[in-house]
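Some structures are shown below for you to check.
There are two complexes below, and they share chain A, which is joined by chain B in the first and by chain C in the second.
Now for the complex of A and B:
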């Protein structure tokens, strides 16, 4: 399954150009010289270039680039949405970086990044490897089922798991049956340090299939003969895994890490619907902190400053991942 | 699937843990969903009395009530509008941009391409505040347009990436031959590039469709009019607080999930390919 794009291109564009209208392309040995002169050709080409590119660039610039620039200015002000914004320089940043609620949110964000990079990726790799090496029968079934949650709305996932982890929910009932203790109540949300744990679990539940699918697609690109000859030479399963497969996967592990980092900083919907950041900000992440301050407490300048911190944070984390990747890439070469 | 040579007898030391992992993981994935599905047919008191029991009968009351009381019909239509328009436009714009960036050979193409790739790192929340301010000051907040534009903008970076890398792989001869016949670049795009790029277009549409269907935050922040809500926002508003009627809540969740499950059954291959393409070494 999951052919890489480049291979599909080759397949689809092989001879037998049936997709061309008859007559649209004629390959006569003696081609008529083009009617148009070089000058008008160039002008018409430039015009086409602009027409083709303009819609995407304009929308992208208007909705993403311009707001980011605007936001930089906004983050240096105090503004409640009405009247004139008041210039406060880096005051908002100072306020945020000393706010214990923000720092706890940041800590939660790093835990989400951590469970993504050190949870989803290794687990996804293990699942992919089992399927790739066909260690189980009906591996297609497992693959399809494990990937399924990726299509479900984070809102639905959040409400479902909120019910499961609620005090009268499935998890509590299940533990009561297993422990034979009818008074057990799952109360982790009351604990400031551990309240985030159920959410981390759900993030793992939801997105691991994605990494599995990415790894399967890339594992299948490995030339089977490499494995064959390694086996001929008497390599053990462990040697094949650690000496051949993992070194070949280093760059995929890097790209998936970038995926995981950007993805985890995006984790707003799930947590917002799940707990709203509560109780008492215990499960808040930075994006929810931004949302609440802007749209509940009408502190736009503060919200804008948090947005800037999110951008700086994601770029910083990705550079960190790049550094780690370079280290491992050079070690394996 | 994999080559036959990969099918080999694995020793029990490998297959037993492998099966254990796969079965446990699959049960964890499917268990909650199956439980949600059958519980959605149970009335609330029955769920509270015995949370695991199967429904006594196939009773659709929860669905009827949730559909009407939650206004889910309107939200469903809204979701269809947002998703289909945004998906169609994002795909078209990304495909045409991909052609311009891949084949015209202008120096500026590299810059524009990098500019789109940068967008892969921007999370919606980092522009939410300025976007809200800008939309209210241009009066397009609380409109369908104000919702669809950010859907398109945030879909573009990845789709431009997919389209550009695919169109780069299309042989130049096709384009050259049409140029010699006097076709201009817009005709070439429509008659040659778009048909040849059908496989990647399918991937783009499917990927974009899933993201748009599940999108939450833009409608949530940029609209306050109930009639403009999408299904995820509507379900959140209706079901998140419904802890006194789990039956209704579950029915609403199933309504929100069902279209995607059907979609997944039909397009699993392409969905997987679309997501996997994101991590293909670029």
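Now for the complex of A and C:
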């Protein structure tokens, strides 16, 4: 391939190596740019950058930065949507953090995060590994079956599972017949501590396939020769897994953890349709608490404060995951 | 590959172009239509409707056809929404000061933020002289100065104890006169494999609206509720706790449907219609479903009653709870011919013509109409029930939506055995004292 309009640039930081700067303007090597023309070029570039970036920055500011600033301000007020917002400082935060309903929702959220990070990711990885290493026959079949739930809308999934466990659902009716007890109901939903468990199970069932596919895609990037040579050197399956594959997967595990944490903290649709957060707030999560206060009770200030708490928690947990990632990354390096 | 890509791009572009062109054409057509019919008035309407409910849509279409026949110069641009989606949009539009010309409203606290914002017109100037044509409850004040923001389509009894008299007879029982008698029937009914009282409380509002409100009228009464609004009476008072105790006693004696707090709304109706339950507590609006769900034979032995007498009655005996129904209101910005056109719809819907159409489909209109001879037996029973039953307030029509977010889950916890009636009363009183606007 000829390079008529590109310039071979010497990378001065790495002697002996060069790289292409595509699209760079061809210059005659003999002509050195003057200080003045260099400044003109810089100013022109800055202008180009500004023109090119401005629309994107404006849109980003309008739909991301402005709402965040507005939301932060709103969280310090009491406002029902009408009239002037009343300044209450951190009053909304104090109210939220002492509200047992919020604290129970937060506890449920941490359980969702837990089942996502320590359930979906490990199980997804194990399934991906089994399929990648062809430890089962008809691995394509399993791959499709495990991935299938993620292709269904969470609302549909929630309705389906609700139909199974509801007081008139398949599971309940079946047990009533088997036990000859017409008053039997799946009473775990009536237990404050454990009502969230069936939902955790459904979340695990639904999203594990997504992580499995991500892991399979990344496992397939590993050079098979590396594994073959490891085998020839006498490495066992465990050694291949822990000494070669997991170290290569650390960054992917971190990325999936970020997905799992952020996705879990804003989890809403599935739980809202499944139980609506009830009975008696037993299965409520923070996002449902925010929704009810904002859109049913019109406490915009309180809703804004809850969303700020969700952001802070998300960032905090992601930084924790980053810390863990760095520890393992440095260890494997 | 490149060819396929090019064909794909061309097809997508063609589809997009045709959508844009069609859209432009439609816009041009509607603009031309508006221009041609000189005095044609177009009104926007936010409509509360479950478009998946075939019977509801059928009644709606009949109403619209009739209205268009009567008012060919009024065009309604309808935006139908249902449940939370409706309320969210209405609230957002009110906040943005972009309310439609006509909207569906509640008489109480459900749309209280919107009706109380000053953005809804008081309908009294138009209604003047017609008040006596409506049931008294229907034209009660909706605003602090007696304003009427929406013209109620019906009067709703939120508590009815539907009874399967045939099952009662088969079990050798009669309709109980007291709470104790009812509880004593429980074992007999359960042993026969039936549910004593079918009720679903998954949403939480059913226990409050369809039962506690009627019980509070018995043990406390209207005056007490008025006092509780201002703080003269407290929810820790025996008057209110006694009402809670009735529910607690029934729950402890396994009188309700199993898993009552998990059951979606509609489950109890199914159990009652399929004759798995002897009693069924719900609102009078369930008659519309019973008209279509029950066989002619069943309609002969299903009766409408109120809950039996409870201990410590201080309010009205044998009473239910009643509230003026929903209806249409108009944007306060409407003036002159546009306001008159909006009123035409409001009056059409809740007045004699619309009420007659709705009555023929099983509704009990707030507008006084004679019950047609050929009306369904269940409708006749409901009309008689409403006419002969004294009524108290519905709690959620007097107190804020947010306070119901405290009371209703507490009722669920009480029926699950986690809270006592005294604790429910205390929790509710604490919240009301700190937050309810009428107490501030």
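As a convention for this text, the second predicted complex is superposed on the first by the 257 of 333 C-alpha atoms of A that agree within 3 Å, B and C clash if a C-alpha of one lies under 4 Å from a C-alpha of the other, contacts with A are read in each partner's own complex, and residues count from 1 in each chain.
Following the convention adopted for this analysis, contacts are C-beta pairs under 8 Å (C-beta built on N, C-alpha and C of every residue); 3 or more make two chains touch, one makes a residue touch a chain.
Computed from a predicted structure; not experimentally measured.
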Would you check which partner chain A:322 touches, where first means chain B only, second means chain C only, and both and neither mean what they say? neither
What's your read, chain B or chain C touching more residues of chain A? B
In the overlay, answer first, second, both or neither for which of chain B and chain C A:80 touches. second
Figure out whether A:241 sits in contact with chain B (first) or chain C (second), or with both, or with neither. neither
According to the stated criteria, A:97 is in contact with first (chain B), second (chain C), both, or neither; which is it? neither
Just chain B (first), just chain C (second), both, or neither: which does A:166 touch? both
One more residue to check, A:296. First (chain B), second (chain C), both or neither? second
Contact-wise, after the overlay, does A:185 reach chain B, chain C, both or neither (first, second, both, neither)? second
Touching A:43, do we find chain B (first), chain C (second), both, or neither? neither
Which chain A residues lie in the overlap of the chain B contact set and the chain C contact set? 81, 162, 166, 168, 295
Quick one: in the complex, what on chain A touches chain B? 1-6, 8-10, 12-13, 17, 19-21, 24-27, 31-32, 34-36, 44-45, 48-49, 51-53, 55-57, 59-60, 62-68, 70-71, 74, 81, 126-127, 130, 132-136, 140, 142, 144-156, 159-164, 166, 168-170, 173, 205, 209-210, 213-214, 216-218, 220, 224, 227-228, 231, 237, 251-252, 255-256, 259, 262, 265-266, 268-269, 273, 287, 290-291, 294-295, 300, 303-304, 307-308, 310-311, 314-315, 318
Which chain B residues qualify as touching chain A in the complex? 1-3, 5-8, 10, 14-15, 18-19, 21-22, 25-26, 28-30, 32-33, 35-36, 48, 51-52, 89, 92-94, 96-97, 99-101, 104, 106, 112, 115-116, 119-134, 149-150, 152-154, 156-157, 160, 162, 165-166, 169-171, 174, 177-186, 189, 191-192, 195-196, 198-200, 203, 210, 213-214, 216-217, 221, 231-233, 235-236, 239-240, 243, 246, 249, 253, 256-257, 260-261, 263-264, 268-269, 271-273, 275-281
Parts of chain A lying in touch with chain C, wherever the complex brings them together: 80-82, 101, 162, 166-168, 172, 182-187, 189-190, 192, 276, 278-281, 292, 295-299
Which stretch or stretches of chain C touch chain A in the complex? 84, 87-88, 91, 94-95, 113, 117, 190, 193, 201-204, 254, 257-259, 261-264, 267, 270, 400-402, 405, 409-410, 412-413, 416, 418
